[in-house]
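Both complexes below contain chain A, partnered by chain B and then by chain C.
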Partner chain A sequence: MLRFATPYLLLVPAVLIYLTFTVYPIFRQFNISFYDWHIFPGADNPFMGWSNYIAIFHDPVVRTASLNSFLFIVITVPIQMALGLFAAAVLTDHLPGSMFWRAAVYIPVVTSWVVVSWVFSYIFASQGGVMNAVVGLFAGHTVSIHWTAQTWTADAVIWILSIWKGVGWSFIIFLAALDGIPRQLLESARIDGASEIRVWRHVVLPSIRGAVTFVTVLLVIGAAQVFTQIFEITKGGPYNSTQSLMTYMYQQAFSNFAFGYAAALASLLAVVLFGFSAAEIRILRQQDV
Partner chain B sequence: MASITLEGVTKVYPNGFEAVHGLDLHISDGEFMVVVGPSGCGKTSVLRMIAGLEDITAGTIRVGDQVVNDVAPRDRDIAMVFQSYALYPQMTVAQNIGFALRMKKMPKHEIEQRVKEAAAVLGISDWLDRKPTQLSGGQRQRVAMGRAIVREPSAFLMDEPLSNLDAKLRVQMRAEVARVQKRIGVATLYVTHDQIEAMTLGHRVAVLRDGVLQQCDTPQALYDHPTNVFVAGFIGSPAMNLFEAGISAEFGSLSLGSQRIALSSDAIRRHPGLRRYGGKEVVVGIRPEDLHASSGGSFTSVITGEVELVEALGAELLVHFSTDARVVQSASSERTSGEEEPRMPASGSTADCVARIEPGHPVRTGDQFKFSVSPDRFEFFDPTSGVAILD
Partner chain C sequence: MALATRPDQTKPAIPMKGTGPGLFGIRRRNRSRLVIAVLLSLVSLGPLLYMLSLSFQPNGGLLGATVLIPTHPTVQNYVQAWTENSFSRYFVNSLIVSVATVVITVVFASLAAFAFARYKFPLKELIFYVFLASLAVPNLLLLIPQFLLMDRLHLLDSLFGLVLLYVASNLPFTIFLLRGFFEAIPREYEESFRLDGAGTLRVLVSLIVPLSLPAVAVVSMFIFSAAWDEFPVALTMINSGSHYTLPVGLADFIGVHTVAWGPFFAASVIATVPVIVVFLISLRWFRSGVSLGAIR
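Take a look at the complex of A and B:
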């Protein structure tokens, strides 16, 4: 009996942690989304039905935040992947100094989002910022561009920071994937008459397709949840124009104390990301057949 | 179709390791040349230099009349079969075979035609829509061959293509490789560490050791007249028995430990150089099949040994025995991968000697067995240089 039960008993701690800290919050959040929920103990939490969800579809800030999140995904994800793959391709051979450059590309990944967001705020500060000094050098006079106070320039600062900090992650995945391609496969293609471009097209890219899909799925999920850099640099301003879904959700929950509304937003985002991930995994499996 | 010529080809890797030293080799159009040698002897480096996958440090490589030292692999018109087959996993068998033709931008219908022809030659027509992962080792090997022959290349390179197959399939595919090479009739360089493959496939066999060509000749000539102790020990399975021996001053006999064997005038006539070794030491080589169980006939002498092991193989008995003569271990039999080889043969009394005798003889472990020999079948080598004593 004990022999039969032992594996299940060993699983109990992990299952308990998973149920407590993953499954329960998901269901609790979904439950909260149907209430005008207040954080204070004993407060009245009236049932709202689908009202929070209906309100989301009429909220202009949600539209702006969705558009910003979408733009953030379509701009930062492909650029991060392209730069990561390029760096991996250049640094895949064990050339002199390649270890230094590998570390240099990866180091931003292990830095703190809060710290680098503050550093970027200083770089792009309107008074005394490095970027204005550089632009001033080219312009020939002092400039005072309010980078983080205008929608598009603020978006650009956030994109640049996110790409710079994120490239190392896709780089390390692609580096491992490229290292995993048998050398003889590439040599065979070269002997078969393929140019380097065609070697990449016909051998390298198909060989790292799994890594490309993996990186795409995780980067999109991560980009859809962009929060810290926006919160630290623009706080969603000016006038909510740089809000992302996550920053707006946070604002609704912890500034406006509209927990039910924030929970409804989170539920919708989870459904969208779940659908996207399922579609990606399905495509990946189809390609592997 | 073209010949392949290597003149003074040397390969030194960036870490200073000299893999190939001043190699001269000519493979005629249509010839099947096998390069054989132990691990690390430089044979794969030779192949990769011809393919253009490695730069050469010195020398010249020609394909036909064209010097290809600085020509990119894709422009050499050479096909290669890799040890791992190197099939493109995402492509079907047909796409794999037709890949090189696609790279040449050949019309689609012509590619299909040539792929079907190559598949028919190799008997793989039924698998054209399969992916490599759905094939067995032998089937993959055929696809790799198909990919090489469909191009109708000037020359054909094969890097140990049978080493990943099991023993039975290897024998079957060996015949297949020989058949295909004969059919396409282009200069072929085949690299292997398996001397049986070398002997059965090659029109000529080049034996390499430490990047230096030891001997290049027909398989039978290599077997019958090895130029040095290394080749003598490497070619043949079981290997040639090599003993330290003394030649008597009047060339009348040979001492093997405490045993004396009369030297016939035929033996001296075959190896006139032996006249320089009167009263001196030599290394004598005796093939296992030249040690006989029966006596009389042309056998003029006897070697007695203590039987240590008898392996009954059905068609023959392999009798492992020892004598008090000092056995010379050829460097090829001592070597393990990555280990430095001694230039001179090592000697010792504990090493195994082998006789290949007809089945049915009552031989038991522990017996003192008398092997009949004919000294004119012996090979003789200089004990210092290891070079064969001929003229």
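Take a look at the complex of A and C:
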């Protein structure tokens, strides 16, 4: 009897916390999304049906934010992966100071988003910023580009920061994957006369496919929730033009107190991302066979 | 963010470091690889070293002027950062929250991972996949219902409430990772332990967890740095200054004093050092046979 119960007892604490703080909120969110929800005690919360969802499709800021989130994903994810794989390929075999280089590439990952957002703001400051000094050096006269105050340059700063801070994460996973490839495999391919490019295509890449899937899925999910760097650097401005879906959802909920609307936005995004992750895993797995 | 470790059963027979001919036929290209390694490290560490450098520049010299190296080095920024703005309070709060998150997550995840790794029971795989499924949905998307829930539980503005949310968000991945690690430990070890009359918890505490120390250490580092860095949830749940964690305190600090760059950079350095130290300590276990990202 007791033996039968043991695994369940072991699961109780984790399951309880997970059900309360993750599973229940998912359903609660769907529920709220159908109301004009007010957080104030005693306030009336009229049922709205699907109208929050319908409003999303007519909201121009949602369009901008979707585009920004999409651009953020398609720009930062591939570049992070490419640079991470490149760094891993360079550092996988012994090099004097190996451990130092590896640690150095990973360190930005553990730093705080708030801190590095402001460090980058300072580097890209219109007056006295290092970046303007560098640009000025090439231009031959002083420049004062307002990097973080204009849409596209602000986007660029956010992308550069995010790539800089993210590379180490892809790097460390690719590094482990590359470390795990038996070197004999590479050698025998080379002895058979395969070029370095062919060795990569036919031996290295197939061996790290699992890591590629894993990194792609988790980076896309991470990129879809881009928040802090935008919140700190531009606050979504000017005129909502750098808003991401997550910063916009946050603003709707916690500045405008449109909780029902924000919950609808979050629910929609959750469904899309969940479907996307499932599809992505399936597609990348299929190539395996 | 999450990462995976797994005991290295598939370790190839030949040594991995130092002796193999490598991916680029390295013997010949050691020098160019070294140059690239230096460049990569410079780019990675550059902004952080810049922050360190600026933290020693008197605040007045940081406005509107391009400074690379402090012209009049001083520790005044550090004194000001530590003593003003309850910064030391934020530091302690962050420490409490991060350590508590690590401990509770690792304990609860170990218990659950042990159940998944060693027992057969109805609905086992279903429960496991329900845990895993949440990895496909960004945690931040649950901010609104979590806010309402914490309000109802009277856990808004509470460090304990924050810890519960952090534990919940770190559990699935930690369970996933530890399960893989626990499963790789030969059952024979456990049986001889059981014969000596050890109960389930003893087996877990004195056998399984010590044998999985590299995985436990590495995952603890990930959880620690995630909790130490976490901003949006803390921003939403915490509203009184005395309960701020470092990221919220720092954001508030720069929001209020947009001209106090010197103290801000000093505060940032203080806030960054612990997490880098934790990372450097964990490096030892990265090396001892933990193969990261061995995900199929």
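Assume the second predicted complex is superposed on the first by the 284 of 289 C-alpha atoms of A that agree within 3 Å, B and C clash if a C-alpha of one lies under 4 Å from a C-alpha of the other, contacts with A are read in each partner's own complex, and residues count from 1 in each chain.
FYI, a residue touches a chain if its C-beta (ideal position, glycine included) is under 8 Å from a C-beta of that chain, and two chains touch if they have at least 3 such contacts.
Source: prediction; values computed, not measured.
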{"item": "Clash or fit, chain B versus chain C on superposed chain A", "value": "fit"}
{"item": "Partner chain in contact with A:M48 - chain B first, chain C second, else both or neither", "value": "neither"}
{"item": "Touched partner set for A:A14, first chain B, second chain C, both or neither", "value": "second"}
{"item": "Partner chain in contact with A:S207 - chain B first, chain C second, else both or neither", "value": "first"}
{"item": "Angular separation of chain B and chain C about chain A, which is computed from CA centres of the superposed model and rounded to the nearest 10 °", "value": "70"}
{"item": "Partner chain(s) touched by A:E187 [first = chain B, second = chain C, both, neither]", "value": "both"}
{"item": "Partner chain in contact with A:L85 - chain B first, chain C second, else both or neither", "value": "neither"}
{"item": "Chain A residues touched - chain C or chain B, whichever exceeds", "value": "C"}
{"item": "Chain B versus chain C as contact partner of A:S195, first or second or both or neither", "value": "first"}
{"item": "Touched partner set for A:G168, first chain B, second chain C, both or neither", "value": "second"}
{"item": "Nearest Cα pair across chain B and chain C, whole Å", "value": "7"}
{"item": "Residues of chain A that lie at the interface with chain B and also at the interface with chain C", "value": "182, 184, 187, 190"}
{"item": "Touching residues on chain A, where the partner in the complex is chain C", "value": "4, 6-8, 10-11, 13-15, 17-18, 20-26, 28-29, 32, 39, 87, 89-101, 103-116, 118-120, 122-123, 127-130, 132-133, 164, 167-169, 172-184, 186-187, 190, 196, 204, 210-211, 213-215, 217-218, 221-222, 224-225, 227-228, 231-232, 246, 249-250, 253-254, 259, 262-263, 266, 269-270, 273-274, 277-278"}
{"item": "Residue numbers on chain C that touch chain A, as the complex places them", "value": "1-4, 8, 10-14, 16-26, 30, 33-34, 36-38, 40-41, 43-45, 47-48, 50-51, 54, 62-68, 107-109, 111-112, 114-115, 118-119, 121, 124, 127, 130-131, 133-149, 151, 164-165, 167-169, 171-172, 175, 200, 225, 228-229, 231-232, 236, 246-247, 250-251, 254, 261, 264-265, 268, 271-272, 275-276, 278-280, 283, 287, 291-296"}
{"item": "Residue ranges of chain B touching chain A (in the complex, touch as defined)", "value": "51-53, 72-74, 76, 78-80, 82-84, 86, 88-90, 99-100, 103-104, 147, 151"}
{"item": "Chain A to chain B touching residues, read off their complex", "value": "182, 184-185, 187-195, 198, 202-203, 206-207, 209"}
